[in-house]
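Which chain is which? They are A, B, C and D, in the order written, and residues in each are numbered from 1.
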Amino acid sequence: MQSDDVLRRLKTVQGHLGGVIRMVEEDAYCIDVIRQIQAIEAALNKVSSRILEDHLNSCVITAIQGNDIKERERVLKEITEVFEMSTKV
Amino acid sequence: MQSDDVLRRLKTVQGHLGGVIRMVEEDAYCIDVIRQIQAIEAALNKVSSRILEDHLNSCVITAIQGNDIKERERVLKEITEVFEMSTKV
Amino acid sequence: MQSDDVLRRLKTVQGHLGGVIRMVEEDAYCIDVIRQIQAIEAALNKVSSRILEDHLNSCVITAIQGNDIKERERVLKEITEVFEMSTKV
Amino acid sequence: MQSDDVLRRLKTVQGHLGGVIRMVEEDAYCIDVIRQIQAIEAALNKVSSRILEDHLNSCVITAIQGNDIKERERVLKEITEVFEMSTKV
């Protein structure tokens, strides 16, 4: 994984989430809190896309070029699964 | 594409959508209409997952086992793109 | 419901869906089909938002200004439910 | 806001996110990281729904029963906006 970029993004989300917790503690306006949570979710989606991109360009290529049919099937099945889940969260 | 299953699902969605249009024409309760639209979207998500599954097991395997690096990159980039879009619709 | 605008949008989606079915029948490229399905979902989200907007400005106002506490609770609960579902489809 | 429950949920998410950061630092399997991020998003959706529910049962009722038409319109418009955004993240 190109973990530097992913880590940096996740730590930014961590800071953002800390800010949202303070907003709730200070009794901020509900809708403002919801909007910040939605911004965090958009940032997390971006992180997932980056991780998937790295995964496709490493593990997936290796599995598909390899000789282990079961492993190839497993790797492709996982991609469909995270895609399907991404439409639900 | 295993187009029989995909086609069958899309035609079911088409019938469902016709039903929603009738509901609106007959001035059905707003929330009931929204719920039916959400059911249609869940069905469409399922169709997309099926299409992606078929795509991974055909075009993507061919591209990754082939010698055309540009083509391989293109095919993998598309998957990241539809994944990223799936988090937005 | 401002049903003219909603109906018009739903009929546009119906035409779009017919086009996607033809794409599958003519064995179009998988990723292109997925992108069209995602465009349909974005259009359906827009329709749901319009319906919700109308609902808030009619039934919800009536229920909240009325004297039936049970009815008010029911109407507000439905909004939370469609919001929660909207994050899942 | 019933901020105790919301705060508790957000702090659980904070712990979960810390775990995901450690997974990336320890070079965990990409797909496992994506799945944990999706679980965090599902938890955040639940928090947003809880906040919206509280908002509807407080500010929204007050605004709709009040005499300030502009304020009422503003409050209802915000709900449509967060609903529409919820379909995009």
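In the analysis below, a contact is a pair of C-beta atoms (placed from the backbone, for glycine too) under 8 Å apart; a residue touches a chain by one contact, two chains touch by 3 or more.
Everything quoted here is computed from the prediction, not taken from an experiment.
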Each chain counted as touching chain A and chain C at once: B, D
Same or different contact residues where chain B meets its copy chain A, judged by the half mark: same
Inter-copy rotation, chain A to chain D, in degrees (Cα atoms; steps of 5): 180
B-D or B-C, whichever has more C-beta pairs in contact: B-C
Centroid spacing, where centroids are CA-atom means, of chain B and chain C in whole angstrom: 17
Inter-centroid spacing, chain B versus chain A (mean Cα positions, whole Å): 21
Rounded Å distance between chain B and chain D, as computed from the means of their C-alpha atoms: 26
Contacts with two or more other chains, residues of chain A listed in rising order: 45, 48, 52, 79, 82, 86-89
Chain A residues within the chain B interface of the complex: 45-46, 48-49, 52-53, 56-57, 60-61, 64-65, 72, 76-77, 79-80, 82-84, 86-89
Chain D partner contacts - residues on chain A that touch it in the complex: 1, 3, 6-7, 10-11, 13-14, 17-18, 20-21, 24-25, 27, 30-31, 33-35, 37-38, 40-42, 44-45, 47-48, 51-52, 54-55, 59, 78-79, 82, 85-86, 88-89
Footprint of chain A on chain C - complex, ascending: 87-89
